[in-house]
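Take a look at these structures.
Two complexes are shown next, each including chain A; its partner changes from chain B in the first to chain C in the second.
Showing the complex of A and B:
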């Protein structure tokens, strides 16, 4: 880590510290924003769960708290002061930045064993990627509002950082933790496996079959250990239905930036189960497709899946988008190949500014109705989907140009 | 006792086919008539009490009890058969049912009649002790009790489902005696319907339960038009077993109460003209001390004299003689009036005046003799009796917007000497999600020793989405002459569009908080204070609403976005790249695409 990286991290941490201390009411205000806190990540709900837990009432026997039990034990051993909590969240962001620096330094984004990008020399330095994460308004807002998605993001990044260094154990223990905390990172298992296999030490590499089987066993058993630990902590299996059940079945229809909430408010009761299954399966569909097509660049397959999850998961927030954007920044060498950069940047700003305004019109002013905010979530989702698709186009084009260098700069079509 | 026979005959199961059963009936009847110790007794009483601000409280009380043995054998005399069979079928041992409308203004009117034991929260409130072996059985019996009562009282009691049922821990205790019963077999269940509009269709079945069914006795005054025009009205039914501590004989008691507060001036105006209209100027009493007082400007002065009224003025009719079941030896009074002693009271001539007791004047009704009371206009006005309540309670919402909110309850102990212990009970709907960690009880004035811990005991059962509501019970100690402010935050859930009522933007009613003051011995004068309960008003919670008109549009829009995203990503994944000039496209589409490509290229250059 060079001096620039340290400087960026220092400024990022300082910025968060200043925001926490100079505006003491900011965390409370941001924590109530539906764009940042969802029912499965909200800090206020975490406090409620913690209060119930420390007072001997099972927090899972209620409709408010839907977060993993290990978070409860983490926060119950933490000193009950705002400063220590804030420091914990800053520390999480710091760890994310360090992980991103490690990922960027490994240059896996541009150079993999089976693919070397022709643009490998245009990659931004690691400090720029850390800056793209630390100074991203979405990640700053998420850190200040203190939803628990911050921890999931940190752990996912840590897991990727371990994977690009070929350290299988830490990578999958972390991924199991991320899946345990918020379920959807389980979809990243396959691409992470590919990344780890690609980056493993070439000399002692086992066959892909042995590698996958051992990793799967490792991942599953670690996940089971986490679940068993939670069972011991809470004394019952109630938490499964109250955490993963909520993510899967969507009983809480609090608005968020995703597509699910309004769809299932308006859904006819007889079709609810069908569409719930469909929406969940829809997320799984992308896994084999991206992993097969992007097998030469598994890190990008993983990034694409992170992006897809951030759009189509049941309770998305801007924290998920922040994770995707910072991973996308790692692949900055393909940015020149993206086609709609200006349009997408403008549209994402449009949704960012109009979202809170329309939400205010609906919920507080009463001069708009739910369709106002719904329309903005549609824009937000389509913009994010287009970013994912455009980046995917750029990466595929980049890969294609390696195969056929004579087509660089020429127009191509897909058939 | 002879007056009982026609009714008893009418009520007994009667099968004309079999001679044996006829004989059996006759013998039973004979037994019933012969043994006066087994007969049911019935009392009815009307208490009229003028309240401050030209209001009149009319408390009707109907009470009958009979031996529990005959009740268990389904031999109903005065106990209403319809209700009795429901209670037996559902194994309900003690029942309390309340219908209430309006607000008891304790600032103006003082303590509630009967220590608030007969009053319920706005809408319908029901609680019962059901005998069952386990919780599931109790729940099933409770559901069938609700369904049966719903049919009997024409109320939506069948909507008391698991989301509206709670099991209070500290607030309620049985008022009946259960000497032969295992206490663990009795399950207390409590349900509320704050939105229920109580109306005439609930009064009619209520009157049907009375032995005289509103045809004679004080119940002739109960007319739906007048009752539901009152500023506050509450109907209650309480069934409980009571056992004599001496010989262990158990009786089943049914008590029906109606408390209504009539606005005298409005009732009189209704009598003069059914259409509300402003008073003529010559009828107004003006405050001439005002600087602007003149012939043109009048500051109306209320309560400058006691309005003249009679029962027939206020209720639209007078009492049509006594109910035959309520006539007995020794005599008990039927109608009492607790007017200030300097207020004149003129009963109908020839009425027997019962010895007045503790400041009340009481009268006995005669069969087939019309009874009325008239109070003349009196100037200067008299000061009605007012009993200071033990506690003032107010509850309101704080915050704005349809996303979050807060509840603030202000409990004020007016006593200058005695602190009181109260149990505060909230039953909240599941879509109102309170944050217990924000629960705060603040004492005003702040305690000198800095110990601000007002809540001594707390019972909390969090809500489960669509399955059960929140139950919050807190035991608080309120020091003398101080105020406790209880606050907490909550979050409003968004519902599925089918879960909203047709008038979704009106809001959702949140049941009254129930504040119970357990029986205790007062510190200052060593007097025993009976159990008292106070209910706050119900609240109107507005939730964010979706657009109800466009489920299809939303399904289509969202699906389109998903299809678009899916299509563009899968499209990229499964197709391969080739240079534009490598494909032979002779169709129009190809030409257009080529043209667009050229334009793009020139632009890029």
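Showing the complex of A and C:
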């Protein structure tokens, strides 16, 4: 890690510290934004759960708290002051930045055993990638609002960082933790397995089958240990229904930037179960296809899946998009191949500014209705989907050009 | 298409480029190259491989770009396959599991049979004990009477009542007969007593089931004639005793089998039977019965009674209602308890004015204010009087109204001395005119309340449907029990029938297992009730019938059943298509493309 990286991290941390201290009301304001806090990550709900937990009541009583029990134990051993909490979140972001630097330094994005990008020399330096994360407004807002998605993101990034270094143990223990915290990272198991396998030490590499089986066993047992620990902590298994059940069954229809809430408000009750299954399956259906198609660049497969999850998960927030954008920044060598960068950048700004405005019109001013906000979340989701698709196009083009160097610079037309 | 027309389009540019290439390679004329070009467009994206005709020669010389590698093709097939595998092996089972309408099995035939009254021939065997201490040839007499009754029964075919006579065991004390009171099987006890003064007459005791029949003592010469006369009189008496109940129960049971409107699934045969029955009906249902039936509140296991004192002024301020109820009404209520239970609340309302639309007129002859008959129905000031029930059970209101001194005495036209009236299915009202001197009475005491409460008791019995005759309360209550059992049986059966028709008519509604359980429970209790009826244990039958009715209604009004009623299959398409249509297009197109490629490849290998 060079001085530039340290500088970027320093400035990033300082920026957060300043925001926390200079605007003491900012965290509360941001924590109330539906775009940032969701029922499964909200800091306010975490405090409620923590209060119940420290007073000997089951934190899941009352149906407000939907987060993992281990978070409670983490926060209950933390000194009960705003500063320490803020420092914890800053630390999480710092760790994310470090992980990103590690990922970027490994150059796995451009150089994998089966694919070497012709643009491998155009990669941004690691500090720039850290900066893209640390100074991303979405990351900053998410950090200040303190939803627990911050920890999930940190752990996912840490897991990827470990994977690109070929350290299987830490990678999958972290992924298990991320899955434990917010369920959906479990979909990243397959691509992470591929990344780890690709980056493992070539000399002592077992066969892919043994590798997968051992990893699966490791991942599952660690996950079960976390669950058992939670069981011991809360004294019952009810947390399963209150955390994963909520993510899967969507009982709380608080608006968010995702596509689910409006859909399930409008859905006929008799079809609710079917469409819940369909939506969850829809997330899962991309995993094998993406991993197969991008088997030469598993890190990008993982990035794409992170992007897809951030759009289609049941309670998405801009924190998920922040994670995707940070990972996408690692693949910056493909940016020149993306076709709609200006349009996408404009559209994302459009959605970012109009979203809160329309939410205000709907909820506070009363001069709009739910469709206002939903329309903007649709735009937001389309923009994100376009980013994913455009990046995918760019990577495939990149791959294609490795195979057919003679086609570099030519137009590709899908017919 | 002329290439120069749309060079802006990348597709066209590309076509142009390849057209030029082709022209260079194959050296063919412009027209044929153009024709080939359009044909080629389909295959170009797959890698320009072409196996047909002159295309082979093109491929031989045209190396750029090369065909797709087998690896790419395999990957693509696999990617497509994974999507389809997940959709088919996970999606379809989930779709099936989450949208299949669960229809618990229902005993449809049985339900229909019940609703048509096929399964239970409602019978009310009534055992009448006869005590004839001073009659030497009692057995013979009973035979004659029984014969006469049976004959009458045969004439009125399908009469639900079967009167059976039995000679009371000798040696029991005939005055008290405690056993009769206990044994529910005995509907009434006839005591044949010689009476030299008055000839034939009968006398019903009001608080027991004993009916005294007095007959002139036989002179030794005309033993047989007296017997014959006595037999005829006994039979007539019994007919009279149970006639009202019989009519009522027939009225109740009739719509069950004879009204095709309420039972459209009725077979023509049973309709004929019903018509026969009507033809055999000796007496048409009288207006009196239907009037009485219209007053009766729907049967419930629990009723709530509200006793309200409405006074037009601030006086009287209080009433002795609690002790009055416990003294005058509780005995009746406890006698009714095998049929229904009662909860009671009372209230006092001051300055309660009657509805403004009701204006009593002063009648100089009667020296009183008289309410018009048509005013009675709007007498209750429902806008101002707090009469809304707080209970879940059916509520019966009993109102004691004390008019304003300036409008006292207030009377009801052509009313009996009780100065009260009954509001059908709602309750009773008694107007209490206080004496001139007592108008400043602060407190309504027992004796003042007694007539009012007696009236209320009569009202209550009428509202519950007890027949007004005979005078014996136990017999009336027995009669009420039988009548109510018939009612719940009919109601439960017809509810089951409605449910059966509903389920048949709407194949898209779901039937939760609770409904199925309730139906089975209801049918089980129905047959139990029917059996109890046949055995003559009417209280037990009522209890069973009540459960059957409750269960049947629970099944019929199950909330989750109606959720999908208004959801025909066409609407389902509208639910599925907006999402699944767009999603499935690329999947289906992908399969078509892969199939095309596979067929082309297959042809190529076969050609080789």
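Just so we're on the same page, the second predicted complex is superposed on the first by the 413 of 415 C-alpha atoms of A that agree within 3 Å, B and C clash if a C-alpha of one lies under 4 Å from a C-alpha of the other, contacts with A are read in each partner's own complex, and residues count from 1 in each chain.
We take it that contacts are C-beta pairs under 8 Å (C-beta built on N, C-alpha and C of every residue); 3 or more make two chains touch, one makes a residue touch a chain.
These numbers come from a predicted model, not from an experiment.
When the two complexes are overlaid on chain A, chain B and chain C occupy overlapping space and clash. In the superposed model, A:312 lies in contact with chain B only, and not with chain C. By the touch criterion defined above, A:293 lies against chain B and chain C together after alignment on the C-alpha atoms of chain A.
Contacts of A:358 after superposition on the shared chain: neither chain B nor chain C is touched.
Residue contacts after overlaying the shared chain place A:284 against chain C, while chain B stays out of touching range.
Contacts of A:270 after superposition: chain C is touched, whereas chain B is not reached. Of the two partner chains placed by superposition, only chain B is touched by A:396; chain C is not.
In the superposed three-chain model, the partner touching more residues of chain A is B, compared with the other of chain B and chain C. Once the two complexes are laid over each other on the shared chain, residue contacts for A:407 go to chain B and to chain C alike. After superposition on chain A, the stretch of chain C whose C-alpha atoms clash with chain B is 437-445, while the remaining options among 59-67, 131-139, 437-445 or 599-607 stay clear.
On chain A, the patch touched by chain B and the patch touched by chain C overlap at residues 268-269, 282, 285, 289, 292-293, 407, 411, 413-415.
Contacts from chain B toward chain A in the complex involve residues 400-404, 430, 433, 435-437, 460, 462-466, 491, 493-498, 544-547, 550-551, 554-555, 557-558, 561-562, 564-566, 568-580, 583, 593, 597, 600-601.
On the chain C side of its complex with chain A, the touching residues are 10-11, 13-14, 41, 44-45, 64-66, 69, 75-76, 78-80, 82-83, 86-87, 90-91, 94-95, 98-99, 563-564, 567, 575, 579-580, 583. Interface residues of chain A, counted against chain B in their complex, comprise 32, 34, 44, 47-48, 50-52, 57, 59, 61-64, 251-255, 259, 261-269, 282, 285-286, 289-290, 292-293, 304, 308, 311-312, 362-364, 369-371, 374, 378, 381-382, 385-386, 388-389, 392-393, 396-397, 400, 407, 410-415.
Taken in their complex, chain A has these residues touching chain C: 268-271, 273-278, 281-282, 284-285, 288-289, 292-293, 295, 403-404, 406-407, 411, 413-415.
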